[in-house]
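Report on the structure given below.
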Amino acid sequence: MAWRKMRAAGASAAAVLMMAGCAGEGAKDNQEPRQPLKVVGQFELHSLDPSTSGGFFTRLQVAETLVDADPQSVLQPGLATSWDTSPDGLTWGFRLRPGAHFHDGTPVTASSVAAALDTARGKAGTPLSEVPVRAITADGQAVKVALARPFAPLAAVLAHTSTQILAPSSYTADRKVAEIVGSGPYRIKRLEQPANIELAAFEQWQGKKPAITEVKYQAVGRSESRALMAESGQSDVTFGMDPTSLQRLKQAGKVDIADVTLPRTILLKVNAGHEILGDVRVRRALSMALDRESMATALLRDPEMAATQLFPPSLPQWHQKSTTALTHDPSGARELLARAGWSPGRDGTLERNGRKFTVTLRTFPDRPELPILATAIQAKLKELGIALQVKIGNSSEIPAGHQDGSLELGLYARNYALVPDALVTLADDFGPDGADYGAMGWNSPALTSTLNTMASGTDTDGAAEGRRQVTEILQSELPVIPVAWYRQSAVVSQRVDGLVLDPLERSWRLTDLTWTK
Amino acid sequence: MNASTTTRRAIAAPAARVLRQRAVQAVGLVLLVSTACFAIVQSLPGDIAYRIAAGRYGYDQVTAASADTVRAELGLDRPAWQQLLDWLGDLVSLDLGTSLVTGADVAGELGLYFSSSLQLAAAALVLALAVGATGGALAAARPGGALDRITTFWVSGARALPPFLLGLVLILVFSVHLGVLPAAGHGEASNFVLPAATLAVGLSGLFARVTRDAVAQIRQSEYVRFAATKGLGGRLVFLRHVLRNTGVTLIAYVGVQTLILIEGVVVVESLFAWPGLGHALVHAIFWRDIPMIQATAVALALLVVVLNTVVDLGSLAIDPRPRRREVVL
Amino acid sequence: MSMRLNHLVVSHADSTLVDVGTLDFERGRPVTIVGESGSGKSLLAHAIMGTLPANLTARGSLAMDGQTFDLSDRANRRGLWGRLMSLLPQEPTLALDPTMRAQEQVAEGATSFTTDSSGARRTAGTLLAALGLGHASRAFPHTLSGGMAQRVAFAAATIGGAPVLIADEPSKGLDERARTELAGLLKLHLDGGGILLTITHDLDLARELGGDVLVMKDAHVVEQGCARQVLTEPAHPYTRRLLEAEPANWNHAWARRGAPPEEGGTALVSGEGLSKAFGGQQLFSDLSVTIRAGERVSLGGPSGSGKTTLGNVLLRLLPPDAGYVHHAVALRGGRLQKLYQDPALAFPARVALRDPFGDVIRRHRLEPARLEELMASLGLTPALLNRRPGQVSGGELQRLAIIRAMLLEPALVFADEPTSRLDLITQELTVACLMDQVDRHGCALVLVTHDYALANAVAGRRIPLGVAVTERLVQGAGTPV
Amino acid sequence: MAPFDTGRTGVETGKPAQGGPPALPLVPAARRRLVPGTAVQGVAAALLAVLVLFALIGPLAWPDHAVQDLSRFLEAPSLAEPLGRDHLGRSVVARLAHATQLSLMMAIACVGTALLVGTTGALIAAWRGGSIETALNGLSEAFIALPALLVILIFSALANGDLWTLYAGLALSQWVEYFRMVRARSALVLAGPAVEAAGLLRLGPVHVMRRHLWPDLRPLLTTMATFGIGSSILALSTLGFVGIGVRPPTPELGLMITEAFPYYHEAPWMSLAPVLVLSTILIGLLSLRSKEARQ
């Protein structure tokens, strides 16, 4: 191997030390007492409020939502064992699990659940706040939700993490969350914002007792650091691995890798109201310019993640096997651009009526692959004569740019299963006015009406056809240009077994884990 | 004024003067830092409300609606000078306000960050002093000897290795390769070792050099020679005179180095996932959490002032000579 | 007990620095070595003590109470330090640890210090009290005056009871009064039956101590004998030269022309009602001074009395707290010049001397030949100008400073202790140069000095300044910080 | 913040140079430095010269550092690509050349600005005194207590890694050092007898500047500047590491090290190249510095 020769030549102390690290035999397994399970992730805990805590406590199975979902996005009983809808679709009833207790020992009552949901409903930016709810009330051991108009995905919305149910003792007098008292299989033992959470199994949990009774979560911001922790055997389960480190760990073979494709797509948001990008031929040309396969191979280290359409296979209902795949076709792109009136100028940049083809792409570094993908896209578009400026800033610049109309292109990853039913997100993203993380300056009456029909839930049989139509329209109009799908991976030490990742990222399912025999 | 009180004042004055000067500096600094932070954050590109919302809701869920909520809730549409005055007013009553992102009490959050940074810095300082001062003193015993040369190379070597690189190398060697120490994290005693060592390697080299030069110089001084001819044995001369006077130089130097140390802390915290001030500051800047930025920056600056005050008083206690001698007379 | 030094030779590479025959030391009879700097007298002291720098080699032997020590082994006397022999250092302010209180530094010297430190401290306290420093036992060295520091150092050097005391230039930097005190201390040691060897270039101290005097020049003892005889009827020409160089013995043509001019002379500098205080100490108040053309005035007083400060006030380099200083028109354009105690600091340190001289010549459009002329007349080679100030000897540099001042044909020269760092012969040479120039140009001179003899030899009028105030410093020095 | 040998270089004892033995051999022979001597400095200077040459010529030889060839990602070094290709299939040697140039130029610009501003301010303060000095001193007192990284951190957030903000932040964090050192030093010089004598000789400010201040400050400033260049480069790369420095894809040493780190196993050349360049610059500057300090 080339680098082995270089090791011999390595002169500086730094080099020698780094090499020593490379040549190392990897982690030594610590056979010390196993408890607690050490979990490392990239997310820091900055708030206890369910609307802003990013689903921390459902993932750790501390808090429950009324409705749960399985890996196939099929809704399952959560804190509610069953639910029903009145014939007019305006009243929903959720029956609570009998005998459920909060971690402070108090029983879970319908009124405390209604109060928690009422609080959740008041928070801006949550799915529940968008639902036309009239009132949420307690009705014996059931919770009644009255709607102003029918809303079929309500149960899915109540699976969203922002609707997690906390005990009345969690709240202060002004309904602020002071501590987390949930009803899940784990309870909080110690919580130190922003980086440390310690859990212990909840003795009064009615379901299967978890095999691992103590868990320690630690937030580590840098992906290099996380990789090193996983590599050194310091953590048992490590989330948020960058593709390269993952590759390295895979090769070393000292750890197991669990992965799952997420209903998440990395995409280019296009301002369709823009004087250049408004032309659908230009959007298609941009799409053809992208060498998705190379990007997925080199940058995501996972060729299967090259997106051929917006919806990944992990959204089986929406993913259309039949549709024409998006492919890399530079000559086709040139042809389309020529037809749209763009020809190369003196410096090689495309021009039309003296206007150069210069656009700005905004993205953000929260997900480490985005800036790298952005530079790759930049290089590809340059080959076509498109001058793309990449601005890497804060994630909020995309919604802000959407609002003030200054955004031209945005690169981000969109989760279509924030709520188990992708319809909720889609209706929002591709509505007539577009959305911060959806279409911009683009609307399709056909798409809007299809989505509306599906949301009202009146035509359940036509749903499959509706989904096909939606995919086709998005595929040809390209209000957003899919770039890659997303695979979530976690590194698991050989000390534990049984990690299965949830594509909806609702839960880390730590209760299923066991210590290796 | 009679002669006796004059003298008394002349001797007690240095300590009081140090405290007075440092207090003035601290107040000036708080004003300057918090106003500068505020002004800069205000002039940063991008809508603050959006940034804060991104911090609060996570990047998936930041929307125009959440930004509007933030704006209304925090009164961000008030004139800037009014917001600044509010902050300064609160500061006088020692109220650091609440974080825009987490909504928590800044003072409380800061206390946690502050103490963990301080612990790390102290551990590094103690380690660096123990290793550096010993090495330097030993090197000075035989100027030009092997140990002396080693110290020299150690000094330049340590300076040439950026702390972040050093940290990575240490993790690779001690965590990944040898598997004896945790790579990152916070909360257990073993977590201190690598970050403190990362900070201490560079510092100890500097301390070693300063100690070496000071010891070598002091050994040549008239008073050390006199102490020897008084009949004091070599060991006693070293303990009672050389060490003591080296301490004077070293303490002053530690003061200068605290700045470097605190800078190093920012980097090391990022690498080792250490929830300290530097970490807090980077995040707060990223999210435009103005009260948090101001409070963290002020805390960092005050930390420097406090450390320097301690150093000033410490060297005053060891070395009673006035800092500045009157030239004329 | 007695002590005998046999055939001491100290050498550095090929050059011999000290070469003396046999010297005998007896109890109660002081031996003083005088001579100019560089004559090897200090090395002799350190060779006996065993504290020579590592790059020098010594030969010879030292016999003490029947024991003989080979002087080439510098470690064999280490065990005697403090117990049998000790060294009173030069510049006591530097020899005391700045971070330790006086009593502790004295107590360290006691032989019982390692076994009974509190007893040693008590003894030290008693000793200091006996030396009149009871109030200063808890003081730090920087609060002590030169004379007091010398007393503390004396206590520290003698507390161990060593019968042999070697004093190396003990009067360096001390004013007249402190020097008298010092002589008292050394006699105290003799009275206790000790052996004393003093190295000094201060003939007054040698006279005061009495006993035997040795005169050293170029590594050799050129004359030796009873103090009274050697210092009054010298046999060797060098000793004669040395004695002639004492200001009291000067006999120069200019010495008598310094009589005060008649009252009508032009007033060059007149200060009225001057007051100045420093650090809470009133140096002078309501002082009126007039300096007239052609006059020679000396400003005298013990150290710390404000001589330099008054000079700077008169030169308008410092503002007075009260009062007013008027300068005559005749002083404008650089016709008021100053000579400094340390000429090395009066020139820019990092450039060759030709640069500052060239700047003066260019700025004032002088004839470059005049510089060469002046240098030649003062016996300086032009090659000196290629050196930096640090590379020229003190005497030469002071002469260069005189030349620089004289280039502008000043009406008044203010000389601030211009020779206090020079040995006697160089001092005479330098003062002669200065006075020659002053005489030739008829310019006025203000000389700051604490040496009465020098002042008398040079000046026609004296302005005495108040008593030393430094003693006051110590009253409250026991207060811990 | 730097371990400068102040004062030591400035004081030369006025010992006679006349023939014969040294007047006071008890003063030890000039304190010996331990750096083995000019050989080390020769090597350091040569290495630095090579790097400067690389920074000057490299970007001409490899003009485009951004060309990607995703199909050739992490390609091992070869004759055509002496340092191989990075994770985006870009030429590492091209990026390294541009990064070296950027680091050196930024550092020189920052140090130059800081030196100019700090020294000018210090000279004004020391010379004029009065309220100007009080004001400037107050400002410097406030600045000295600010960790430099804090200033840069806040400043660099201003415009998302624009080079000018980084430059301004770095320069702003450094000027105070020059200000304080130069002011302390020149106050000492200006209060000394030599300047007083020059005043009595009516030699004027140009003489004081040229013969007194400049010769005294020059070694100090060279030492500080050499060190300052090193710390600027270090600060720049540290910012790159923390993620608030120069924005990708602009090549910068710290950023390159950070980007390359995950590949340390697969493609060590990617990490080693920038690490070696960075360390060489720093060691080289340090070795040169000791020469200055010894003067």
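Details
Per-chain residue numbering starts at 1, and chain names A, B, C and D are given in the order in which the chains are listed.
The rule is simple: contacts are C-beta pairs under 8 Å (C-beta built on N, C-alpha and C of every residue); 3 or more make two chains touch, one makes a residue touch a chain.
Predicted model only: the values in this text are computed from it and were never measured.
Set side by side, B-D and A-D show the greater C-beta contact count at B-D.
Put simply, the C-alpha centre of chain B and that of chain D have 22 angstrom between them. Measuring from the averaged C-alpha position of chain A to that of chain C gives a distance of 85 Å.
Chain A and chain D have Cα centroids lying 45 Å from one another. Note: centroid distance chain B to chain C, computed from Cα atoms, is 47 Å. The set of chain D residues touching two or more other chains comprises 28, 160, 243, 258, 261, 264, 275, 279. Touching of two or more other chains is recorded for residues 45, 157, 161, 165, 168, 172, 270-271, 286 of chain B. Taken together, the chains touch in the following pairs: A-B, A-D, B-C, B-D, C-D. Across the complex, chain A is touched by residues 45-47, 50-51, 53-69, 101-104, 109, 112, 157, 161, 165, 168-169, 171-173, 175-179, 182-187, 270-273, 275, 279, 283, 286-287 of chain B.
Every residue of chain A that touches chain B in the complex is listed here, in rising order: 13-14, 17-18, 20-28, 30, 40, 44, 46-47, 49, 51-52, 54, 124-126, 176, 192-196, 218-222, 224-226, 228-229, 231-234, 364, 366, 393-397, 399-400, 402-403, 412, 414-415, 418, 435-437.
By the touch criterion given at the top, residues 49, 51, 81-83, 86-87, 89, 91, 94-100, 105, 108-109, 111, 113-114, 140, 142-143, 153, 156-157, 160, 162, 278-281, 304, 306, 308-309, 312, 318, 472-477, 479, 481 of chain C touch chain B in their complex.
Chain B makes touch with chain C in their complex at residues 1, 3-12, 14-15, 221-223, 225-233, 236, 240-241, 244-245, 248, 316-322, 326, 328-329.
In the complex of the two chains, the chain D residues touching chain A come out as 66-68, 70-71, 73, 76-77, 87-89, 160-161, 243, 247-249, 258, 261-269, 271-272, 275-276, 279.
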